[in-house]
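Presented sequentially are two complexes of subunit A, the first with subunit B as partner and the second with subunit C.
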Partner chain A sequence: MIKDKREVARRGEAAAIPTAWEYAPAPESREIVHFEDRYGLYIGGQFLEPLSNERYTTIDPAREEPLAEIAQAGKADVDRAVKAAREAYAERWSQLRPSERAKYLFRIARILQERSREFAVVESLNGGKPIRESRDVDLPLAAAHFFYYAGWADKLEYAFPNRTPRPIGVAGQIIPWNFPLLMLAWKIAPALAAGNTVVLKPAETTPLSALLFCDVVRQAELPPGVVNIVTGDGRTGAELVSHPDVDKIAFTGSTEVGKAIQRTLAGSGKRLTLELGGKAANIIFDDAPLDQAVEGIINGIYFNQGHVCCAGSRLFVEESIYETVISKLKRRMKTLRVGDPLDKNTDVGAINSKQQLDKIGSLVQSGIDEGAEIYQPPCKLPERGYWFVPTVFTNVAQSYRIAQEEIFGPVLSVLTFRTPDEAIEKANNTPYGLSAGVWTEKGSRILAMAQKLRAGVVWANTYNRFDPASPFGGYKESGFGREGGRHGLEPYVALDGS
Partner chain B sequence: MATAPVLPGGFELPLEPRLPRLGSIDAVALEERAATLATRSIKKGSKVFALDLAIRVMDLTTLEGADTPGKVAALTSKGIRPDPSDPNIPSVAAICVYPNLVAYAVERTRGTGVKVAAVATSFPSGQSSLDVKLLETREVIDAGADEVDMVIAFLSGRYAQVYDEIVRVKEVCAGRAHLKVILETGELGTYDNVRRASLLAIAGGADFIKTSTGKLPSSATLPVTLCMLEAIRDVHEETGRVVGMKAAGGIRQAKQAVQYLVQVHETLGLAWLTPDRYRLGASTLLNDVLMQIRKERTGRYQNPDYFTVD
Partner chain C sequence: MSRLPVRKTYKLFIGGAFPRSESGRTYDAEGANVARGSRKDLRDAVRIARQAGAGWSGMTAYNRGQVVYRVAEMMETRRAELAGLSSGADEVERAIDRVVWYAGWADKLAQVVGSANPVAGPYFNFTIPEPTGVVGILAPEPPLLGLVSRLAPVLVGGNTAVVVASEAHPLVAIELAECLATADVPPGVVNVITGLRRELAPQLASHMDVVALDVTGADGDLAELERLGAENVKRIVRGKADGQSPYEIEAFLELKTVWHPIGM
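Entry: the complex of A and B
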C-alpha cells in the first residue's frame, strides 16, 4: 500500500495539466485518387482532344498546386458535343423504355456510393471544401439525387396527371464551383430521367469531379452521347447557350451571368431555368432554442466557406436577445477549425479561387469603411493557399453593401428587429429571394413567417438542409424554375400544348 | 425550509443567484451538433492525451447487489494503480460505491488522492422519504465519502419539492462533501426536460450534475450530455458559477470516452477537462482505455489477458 501511495504522488507531479489539447493532423489519404496529367472533352462516350487546342491548369486552392491540364472547349468542340447529344437523344435515349432509363440512373447512384470516398477527396482537393462536408453532405446527396430521379423515370405520368410528358431533347447545363458534383447530380439526374440527353459544362475552377464522373458513366455503360462534359471558362458556356440545337438551358451561378443568358435566349424559344444568387435572411426570435440557433447561424454562413447561394448571410436577431446571441456566436466562432480541407477535423476550408478571395476581401473592406463593426476569431491560417477567416459584422445598417450584395464567402452581417412584421419587411427588402431561416419555438409563427417571406426555401429551426424530394429555387433575382422533387422534372418535360 | 418557485415555461427563473433563461432545446439540431462533434478524428498524441485524461476523470464504479468488501478492495486497487506494468498511467478520480461499502473504499484510498463517491438518497430510484435520504447522506459522509451522488424525481412535476430536497441534501453535504445530482435522463423523455432538470439541480446547489444511475437501459448519450453542458455553460456565463458534469452509464469503450471529452472540449473548453469539473462514471471502460493506450505506445493490440479483471 505504501509503495502505491508514493507512486501516486510521483505520478501526480509528473502529469502537469496541459494548457491546450491540440488535435493531431488527421488527413484523409489522397492516394485513392488518380488524376491524368491532362484531360480532353468527354463527347460521345470518349475523351477527345479539344479542337480549340487551348488548355488551362486547374489547381488545389488550399496549396496553390496544379492538379491537371484541362481543355478549354471552343465553338467547334461545343458543336461536336451537342451533335453527339442530339444523335444519342434521337437514336438511343428517347427510344429506350423508361424503366431502362431508370436502371442506368440507379446504377450511377450505386457507383457514386461505392466510389464516394474517392469523389469526396476530389471535391476537397479541387474545390477547397472540408472533407467532412464533401464526405457527409455532397456525396450522399449527389447519390440520393440519382436514386430519387431514377424512381421517377417510369412514373412521369403520375408526376403530371392527365398530361402526356415527353422529353424535350438536348439540355445544355452550366454549373457552379461551390458544389461541383452535387450540382452535376441536380442537373443530370432529372434531365436523364425524363429522357433528355445533356451537354454539361462544369465550372472553370472545379472540373475534376465532373471529369471523374465520366468514368462513372462509362462504368454504368450509359449509351455514348447521353452525357457529354465540356470544360472551359465563361466563353465555353456562352457557346453552349447560343448553340442553335440546344433545346433547354439550365444555369446555376451568378445573377449577372444569369441575366446575360436570359438576354441571349430572348426570342429563341429555348427553355431556361436559372438558379442565381441570394442574400438570405436567417431570423432568430427571442423564444428560439438559442444554442441550436447559433449552430444554425454557423451552419448557415460558414458551411462550405459561405460559398453557398442560399447561405444565411443576413442574420436578423430580435433585439431582446441580441447580446446573448452575439456572445454565443462569437464564442462558437472561436471553436471553428480553419485549415487543410483534407483534414477530417477541419470545419472551414479554403476559398475556391484567388478571384473569389479578392472579391470577399473588397466587400469586407467596404463593410469596415461604411462603419460596421468587424469580429474575426483568432485563427492561424496556412501560409499557402486562399484563406479567409470566418467573419461577422455587427452594427450593420440595411443600406450597407455587406447587407445588400452577395459576398459568397464566410462573412455574416447582423441586423436586429423588434417585431415579426419588421423582420419580414427587412428580410424581403432585397433583390434576391432564394432562401430564409426562421428560429422560434412557436409553430404558428413559423407558418405565418413562411407565408410572408418572399423566398423559395424557408427553413424552420434548421438551415442549409437539402433533400432530393424537396424543390429548391428562387424568387426575383435569385432565378426561376425549381430543382429537386417532382417540380424538378417540369423543366425537362414537354407537356401537351407546351 | 427553503422555498422554490414553480417553473413557468419561457420565463427566467426568479432565483438568486440568477440563472439563465429556461429556454428550449431543438432536438434535431442538438442531435446534429452532437453527431458532428462525434466525427472528430483524434489521433496520435492527441489521442494519448484523451485516453490519459479519461482515466484521470473516471469514477470507477461498482453498484451491484453482489458487491462485497472484497470486490470493493479489488476495484480500489485497480483505481489507484490501473496498470501495474506502466507507472505513467494515472489513478482514477474516484471510486463510486454503495453506502454500506464506503468505509472499505475510504480505508483503501487513504492518502492516494483517489476520492470516494457514494450513491445515496435511496439510489437508484430515490423512492423514499426525505428523512431517510438525509439520514443516508449523513451516514455516508460520516463514513468518509468525499462525494455524494443523489437521485431526484423530476418527472413528478413537483419542482418545488424536488428543489427543496436538493437544498436539504446540500445542507448536509456543505463543506464536507461534493454533491452530484443525478437527473436520470433516460426517464426524462425530452431534451427540454433535461435542460429544466439541469437548471433545477443547479439552482438547488448541485456541485455536479450527472446523467444517469446506470441502472436503466438508456443512460448517457452524446446529445443529452451536450444539452447539460450547454446549461452549465449558460450558468457560468450568466453568474460565473462553476458546475461540474458527470456522464455515466453505457460508456464502455475508449472511443466513446474520447467522443465525450471532445464534446466537453469544444463546448466548455479545456478548463472543464479536469477531475474537479468533469467525470466519466464507468465500471468496464477502464480496461479498454488501458488497452488503447498500450496500443498507441506499442503499435499493437494485446491480448485482454494482459489486463487485470477486477
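Entry: the complex of A and C
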C-alpha cells in the first residue's frame, strides 16, 4: 500500500496535465429545434387551450432564458384528458388487434430514431443535461423502449403463464424532470402495448420533449385519445391521481410525493406503481480494477448532474485502498468539464432548476456544518444559469444528512469499511433500496454481495446501465413495481383466473 | 368411571413459543378464554419476525420447500383437531393439499418468475425473485383455509409473517401454530396473534418494519389501513381468500436485477 501511495503521489505531480487541456467550443446546433411560443394541452389528438387559463414559462436552465409558455392544466382540463383517454380506450385502442397495436408502437420507435437529434437538443435545452448524454443515452434508450414493448403487444399471453392478460383501462402517469423523454417512454410504451390508454403529466420544468412527442404521435397516426399529455405542476398531478375514472397510477419521483399518492389512493382499489428515491451504495473492494472503478464512481454520481434516482451517491471504499481511490477520484474529477449542455465536450451540464440548485446547496452546507470534509475541483462556471461544481465529501459519518438523504445532485459522500459484512450492513442501512454497485474481481464475492444488498438493481463492475429488457425498480421505500423487461408489463395488465 | 379431559389454554405464538399476552388480557371466543394480544405483543412479534428473516430466506429453496411440506405432514396428523375447530374435514383437507401445492413451488419460483435479460450490450443480466421481508397478514375466513391460503404463499417465498388470526374463530390458528412449531419452521418465521382486530390491525399497518400487508381478510376500514401503510411504502396485497397461484406468491416478492460486464 505504501508503494501505491508513493506511486499516486508521483503521478499526482504530473496530474496537472489533463486539466491544462483546452478544448475549443463544440456546440451542437439548436437550429434543428423549433418551439412554439405557447403550447396547449394535448387531448384527444389535438392541442387545446387550457380551460384553467393558467400558464407558466419553461426555461433553459443553462441560460435562464424562456423557451415557451406552457399550460397549467386544472381540474377541468385533466377531466377532459381522462374522458378522451376513456373514449379512446373503449372505442378504439382496446378493440384493435394486438398485432396492429404493435405496429403503431414500432412506428413510434422508428420516428424517434429518425428525429433523435432534434429530441436530443430539446432535452438538453429544456433540462440542462449534456448533449452527449441526451444523444447517446436518453434518445437511443427511449426509442429502444418503444421497439421492445412493441414486440410484446401481440405476445402477452406468453408473458403470463396460465392467464389471459387484459388491459386495465386508463393509466395516469406522472414523470420526473431528470430523463423527461426516457421516462415518458418507460411509462407509455408498456401501457400502450398492453392495450391501455394514457394521460401523462411531464414534470413542470421539462415539458417540451413530451409536447414534441405529440408530433410523433401525430406522425405515427395513433388513434386520437390514446396518448394525452397534460402539463402543469404538482397540482395537475394531484388532479390526475384523484380522478375517479383513472384505473391505474404510475409515478416516478420523490419518496415524499410517492407516499402522498399512496395515501390518496388508499381504499380506492386503483392500481399503483411507484419508482421513488434512492441513496445507492457503490462499494469498492481492495481487489477491484481501480481505474475502472473510478470511472464507475464518476459515472455513478456525476452522470446527468447526479439527477438520477439510482445514482451511486454513497461511496464505500475498503479502508486499505482508501487513499489510493480518493486520490485517483480527485484527479479524475479535475478533468470533468462543467458547462454548456449543448457543447459536445461537456460532461456535467446545468442543474435542472433554481429550486433544485437551492436544495443541493443547503444539503452541501449541512455536510460542511456537520463536519465532513469537502472537495471541489477548480472549475470555472458560466455566469448565467444554474450550476453546481462536482463535489465529494470525505470524513462522512453514517448519521450525516449527506449520507442519509437523497441529494439528487453531483455530490458524493465517501465512507469506508473493513469487511464485506460491514459493507453490507452500512449499505443496507437506509430506508431506500433502489440500486447498488459492487466492484471486485472475485466472482463469488460479487454474487454474495449481489444477494445480500437490498436493492432492486445491482451493478457489478459497472454502474448506471439501463436497457428496455432489464427490469428496474426498488425495494423498501424506493417504491414497488418494475419498469422494463417482461416484468414491466405486469403493472399494466389484469390477470384473470384463480 | 369418566375421566375429566385436560383442556388446552389458547395462547399466542411468538418466536416459536406460546406465551400469554403480556397484557394479561383474554377475550371470549368459541367458548374459550383466548389471549387478547396487545400492541406490545404485536411489536415483539414483528421484531422477532424480522430477526428470523435472514435464516429463513437464506435456506436453500429445496430445504424451505421441505419444511413447508412438513407443515402439511403435521396438519395431516391433526386432522381431527383442525376439523373440530374449522368448518370440518373438507376445509382441512383442502388446506392441507394447498400447503403441499405451495411447498412444491419453493424451488421453481426463480425459474418461473425470474428471467435472463438480453440487453443491448456486453453484459450478463438476470432478474431473480427475493422475499420482501416481514409480511403482516389479517387472516380471512374461513379460519383455516383462509389463513393457509394467505400464509403459504408468503412462507414459501422466504418471507416471515405476523398473522392476526380471525377474531371470531381464533382457535384453529393456534392449532395451526402447533403444526408449524413441530414442522421445523424456524422460531419466529410465523407468529400468530389473537385478539381484537380494531386494536391490532392499525398497529400492523403502521409498523415501519412490516414491509407488506395482506389485507385480503381486512374487515375494518381498509382505506385507513392502506393510508397507514403508506408511511413506509408498504406493499398492500389484496389476494384471494380461497385460491392458489404463483401470482399469489409473486405479490410478496421483490425482483432484483443484476448486471455484470462480459469480457475476456
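Brief remarks on what is shown
Assume the second predicted complex is superposed on the first by the 475 of 498 C-alpha atoms of A that agree within 3 Å, B and C clash if a C-alpha of one lies under 4 Å from a C-alpha of the other, contacts with A are read in each partner's own complex, and residues count from 1 in each chain.
Going forward, contacts are C-beta pairs under 8 Å (C-beta built on N, C-alpha and C of every residue); 3 or more make two chains touch, one makes a residue touch a chain.
Given the structure is predicted, the values throughout are model-derived calculations rather than measurements.
When both complexes are overlaid on chain A, the residue A:397 reaches neither subunit B nor subunit C. Look at A:461: by the touch rule set out above, it reaches both subunit B and subunit C. By the touch criterion stated above, A:450 is placed in contact with subunit C alone, subunit B being left untouched. Look at A:471: by the touch rule set out above, it reaches subunit C but stays clear of subunit B.
By the touch criterion defined above, A:486 reaches subunit C but does not reach subunit B. By the document's definition of touching, of the two partners only subunit B reaches A:136; subunit C does not.
Legend: residue contacts after superposition of the two complexes on their common chain; A:255 is shown touching subunit C, with no touch to subunit B.
When both complexes are aligned on chain A by C-alpha atoms, subunit A residues 461-462 touch subunit B in the first and subunit C in the second. Within the complex, the subunit B residues that touch subunit A are 10, 21, 23-26, 28-30, 32-33, 36, 39-47, 49-50, 52, 56, 77, 80-81, 87-91, 108, 111-114, 230, 237, 265-266, 270, 273-274.
In the complex of the two chains, the subunit C residues touching subunit A come out as 112, 115, 117-121, 123, 125, 127, 132, 211, 221-227, 229-233, 235, 238, 240, 243-245, 247, 254-261. Put simply, subunit A touches subunit C in their complex at residues 144, 161-163, 255, 258-260, 262-263, 265-269, 274, 276, 431, 446, 450, 455-462, 465, 467, 469-473, 475-480, 482, 485-487, 495, 497-498. Those residues of subunit A that touch subunit B in the complex are listed here as 1, 4-5, 7-12, 14-15, 17-26, 132, 136, 287-293, 295-296, 327, 335, 344-345, 441, 461-462.
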